[in-house]
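Here it is, the structure, as structure tokens.
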């Protein structure tokens, strides 16, 4: 592919090269770029900040690909504001400080108009200050623990109230087996911790007693689940219908489910509701022993709507691989990207402030029906589906929320944040606004 | 009972390496200023004896006294500081350092890391080193890297380093192994020279060398003393002959 | 373990020159970054923060070189000290946020609130005072290094064994810090810092200053290291590295010698870590990852083991390469990095420094005295 | 299909049975309920359908289970047979494919009902094992509605073994009902039966009985006694259970470490790419599986066995190549080797990522390796057991190679004293290459095993490398017994600590203990004399 250097970055690296007594590295500087055919003019750059190596590559590489697809598609449709879109791909290599560095590069060197990226909460946390300092725009496509609301970030994934709470409602319901006892199993990091904190409070409000709630945390990449699974089994033998709510991080799921299967825990006696297991993860598992296990998402590949069908078709053509699955974060990027396109069109410019303001209220149809709307707290309205794993590695939807659920940046189930809301629309224009004291705790944007 | 008039007093020492008795009730007494040659076939326990004296190996039984102090409880550095210097069979000098740097490290005195850190060469040290260079005839090589020198020169440098320690007792392990005859004789002179001020224990195969030293000889065999006395006397001893020539 | 000749000359002109270069570069870059955007000589904040990061890494490399290049201790866990220093600094920066956190709690950092803790754990006390925090930066890693080194060297753990347990050490620390219960923010670590000593971390000025400070600290570290490894102690180190038992028979205590340099190097690493955090804006358990420690060893190998300047050079170059490749060839940069390691170890045993400062003839390989003894006639 | 054949036979029996037992209100059209797609109604319909004795019940339920049941928007219900459909109600083939068919979906609730229905119908199946299975299944279901069916089965069952299971099922089912007047003695009896059965299932039922306020006091008392009895029993067994966990974890560590023990012991090479060798082994397993699925599907169950030699050869060859192409230039520089192999590991990882993609691959576990069986109060998962045995075999085989083959002899000679070995005319380079190949091959075997319990992804190796080094160093470099002891010690230690202090802390504790141990014994548990990692 042709390599042209944005002047500034060449200059910048000229200095750096000089600084580190290495000649001409500056010239080497460039980024992978995909060029559009049709539209003319100075391209609008879109940053893609997903790990292509290291532990997170497993999940994030796909999102890089889907972005390239969406951008190519947009260019085919004539680009944006009559200008071509240009993807700037970097590899933060699953290294959190590197995320911050790369974010800074994208914003200050490549001067991208928007960045689509991050998967783990920690990567988002590490780039957040950079985006706020340089007033960038980040679209974050993964379900997460919320309790955050930055003006510069649009959270296109699910907040806990768009995934965890409905999922538990289902488990409590007759259809879900009317569970009376809950094992909350998760990897020891922020998302599970927060989600479980929220769930515990919620469950108590539903009259579940303390002794009927078991919380267990395991390290990243836990591969030996024998003990914990047997603990779950024992926990399930108290004569009450028991369910497991799993916030186990992607990688550790395979051994976890394998152990479940082997220790003979079937979905009909102890159903497991997972928040981080999607089609992508299933593709890496032998799903026969998992049939009937549950997952809660805002999107499932199996949901058949014309839009989804088209999307999947496009994806298969783009990746030249009819087996590649689609999943929830991919849809989140699809929605986020199209919303951004709309906002830019609406604002008539890629100026960050204008676009950020234009974003609120933008509506974009979901792939699975219903319309996503960008709320003032930079979260979306989403449908919530409960899917059961099938032996073909897909989910079959067994339940959905009657209406779209608006995302909450701040959980009402956490005492410290029950009075907080995020609202970036005037006059409040504040990420964490206390509705009782009527004050803005964080920085307020004039 | 121990005799404090002795400089080194090894008594009934035994040591076993997983089953194999390397040293068996070995006793050895050395008077101040004495030079002693120790001979014996391979496996007689010569090097092990040195290991025991210098604290590298702990004896299973027996006592080792140096100037009346029991050495068996002490570790190598302490023993070295007490005034026992050791020269290895294979010349072990600091090959990455120059001759002068080698000698400088060996000089008696500063030993604790911090003082070494702060140490700067003093006039006295310089003149000591000059003297050692002369003694070991390495003046011309003062700033050469030890690693680059000939085998014999390394041997001498190591002896020089021993001198630098100003020990009361030198343990010298096969100093002339692999030396030319000329070097061998020169080494003998050097050791006699040294012996004027210090006690020396030499372990050696080379009979001509031992003869050149002209000192009391102790014959080790299978970890214990076989015979002791002037060379001629000892070499006449049938048992010694048997051990050396075999039956 | 003795493929290197005596590192450097008796004095290390390289080190001094490098110290000067570092300071100058830092000042130049800092200055240039203060120029208005329009000015052709302007340097972007991105470059400044990068440079700062590289220099911080260089301190880590320097500390590794001290123990590996000069004392022959291959550490695979030095990033632990780097990270600990970082955490100490991070604690201070965390407290500086004060009531500006998400939950607006003046006393507790956000992550403690989400763990619904009610009060500061004791080990956070006083971390709001810069001086105390800086003391922690130095003391904690030094203490850990002290205890660990004392145990290890006293019982003559050496070679691979030492390498592996250093790795185990940092690995254990990583797992520990991952735990939210420990009170250091778990996987997320400490981040979202606002300012240091009242100065906003996100202003060009602060960045420039931090860069210069880092440069100066690195230069300082270089000079002190030079003082340590030059002169007699340096010779003693080499002696211990090449013929440990011989030094014992000379009356030295190798364990103490190693311990001294080990602790000193841990402190350099810690300072590097502290400065690193201020410029990168986040410290988390990932920094303890054994891979990081190994990479830092690589930097030294690339630059030239046993040469102070080489360590710095290696750290800067490798990381520069990483920065370029991760953006240039996002899909393939790992091949580049991997090849770099292979090439260096195969063809540049003395690293880049070896290229223009031909090493003195290496001392003969193999057979350290210990071995020759066991193979001696008693063996 | 055969199954349906005998089942329809069964129906006759069941019709009578049902006729006796049920009040004839089973006439509301359960097919409508099924077609409704409301899981609740479907579940109900399934139960009634199963009990109704309607000859269509078997094919319909079977079709539902197999995803072959379709509903039309007009509430029609059809079974797909190949290309064409039959009406579920009548069993008559339909001429034209009905419009807008949608498949009937299942959820756990429906699945549960189905399982119950199946079991209910199979209770009186001719084959003993089928009946046994059914009875066991019903024990797990303890659904009050099924009591009549169980009673009926008991009345006709001859086989004692099945009867026992049926009795247990009956007891469980009785306690599943709400307590009614006069049923006390019956319930008490049931409680005792279950207490006798033991196990988590029984504990569950008894616990709920003991907790129920409506229950008669003496029944509750008996139940809670039963519970505590079972608990005590379980606690006693949990010791062995943990021991097993420890052993199986240990054997994984052992597999991962043996290869290192070789490369380490013979040449003191710190092979940082060892983990990647395991990864390649795992990917080989996957490829073999895919290959067999494509070419000889009938062999699929044993593909894992076939993968073993293949993985060994593949990794072994790669190992030899690495040694010839890289390691041999670095002898006497073990620490440089460490760095070089680390670089190599990065390359291998990225290579796999480029070739197979970054995501996990699904290596399927053959049936004969999945599931578990109960041994007294503990249950043994088959794949873990298999790995345990496999590890044993590998170690044993390795011992043989080292002790009985010339290669082994030469390798040990080289370990003891490289120079001497060379002088004796042993071609040390060749020995080195083979030894390294052997080590890599062993890693490949470990990869095969790991593919059964863990992710098959480019990161696979990373997660094992440190642990394996721990094992080797802890055990004493170059000593297989040491490696064995170390692996088991670490595995056991971890698993004993885990239940009390949690997985993470356990791991940390183990690491710290190892560090301290190495301080005391700088050469590990079983130190070896000779060069090894000396230089």
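We call the chains A, B, C and D, going by the order they appear; numbering starts again at 1 in every chain.
Just so it is clear, a contact is a pair of C-beta atoms (placed from the backbone, for glycine too) under 8 Å apart; a residue touches a chain by one contact, two chains touch by 3 or more.
None of the values given here were measured: they were computed from a predicted structure.
Asker: Based on mean C-alpha positions, which chain is nearest the centroid of every protein C-alpha shown?
Answerer: Here the chain at the core of the arrangement is C.
Asker: State the pair with the higher C-beta contact count; candidates are A-D and B-C.
Answerer: Looking at A-D and B-C side by side, A-D shows more C-beta contacts.
Asker: What whole-Å value do you get for the distance between chain A and chain D if each is reduced to the mean of its CA atoms?
Answerer: Chain centroid spacing, chain A to chain D, equals 31 Å.
Asker: Averaging over Cα atoms per chain, report the distance between chain B and chain C in Å.
Answerer: Each chain's C-alpha centroid was found; their separation is 44 Å.
Asker: Could you give the separation in Å between the centres of chain B and chain D, each centre being the mean of its C-alpha atoms?
Answerer: 67
Asker: Return the distance between the CA-based centres of chain A and chain B, expressed in whole Å.
Answerer: Spacing between the chain centres: roughly 74 Å.
Asker: Mind pulling the chain A residues that touch 2 or more other chains?
Answerer: Within chain A, the residues that touch at least two other chains are 52-53, 188, 217, 219.
Asker: Can you tell me which residues of chain C touch two or more of the remaining chains?
Answerer: As it turns out, chain C has residues touching two or more other chains at 175, 178-179, 331, 334, 367.
Asker: Pull out all the chain pairs that touch, please.
Answerer: Contacting pairs: A-C, A-D, B-C, C-D.
Asker: Would you mind writing out the residues of chain D in touch with chain A in their complex?
Answerer: It is residues 39-40, 105-109, 111-112, 115, 140, 200-201, 203-211, 234, 241-242, 245, 248-249, 252, 349-350, 353, 357-365, 370-372, 379, 381-384, 452-459, 462-463, 494-495, 498-499, 502-504, 507 of chain D that touch chain A.
Asker: Which positions of chain B touch chain C when the two form their complex?
Answerer: Where chain B meets chain C, its residues are 17, 22, 42-48, 51, 54, 56, 75-77, 80-81, 85-86, 88-90, 92-97, 101, 104-106, 110-114, 116-117, 119-121, 145, 147-148, 161, 165.
Asker: Using the touch definition up top, name the residues of chain C that touch chain D in the complex.
Answerer: So the residues of chain C touching chain D come out as 1, 3, 68, 74, 148, 151-152, 155-161, 163-165, 167-169, 171-172, 175-176, 178-179, 290, 294, 297-298, 301, 331-332, 334-335, 337-342, 344-346, 349, 365-368, 370-371, 374-375.
Asker: Could you list, by residue number, the parts of chain A that touch chain D in their complex?
Answerer: Residues in contact with chain D: 52-55, 57-58, 61-62, 174-177, 188, 216-219, 221-224, 226-228, 230-231, 233-234, 236-240, 251, 254-255, 258-259, 261-264, 267-269, 271, 280-281, 283-289, 292, 388, 393, 396, 398-399.
Asker: Within their complex, state which residues of chain D touch chain C.
Answerer: That would be residues 264, 268, 270, 272, 326, 329-330, 332-340, 342-347, 349-351, 354, 417, 466, 469-470, 473, 477, 504-505, 507-508, 511-512, 514-516, 518-520, 522-524, 529, 531, 533-535 of chain D.
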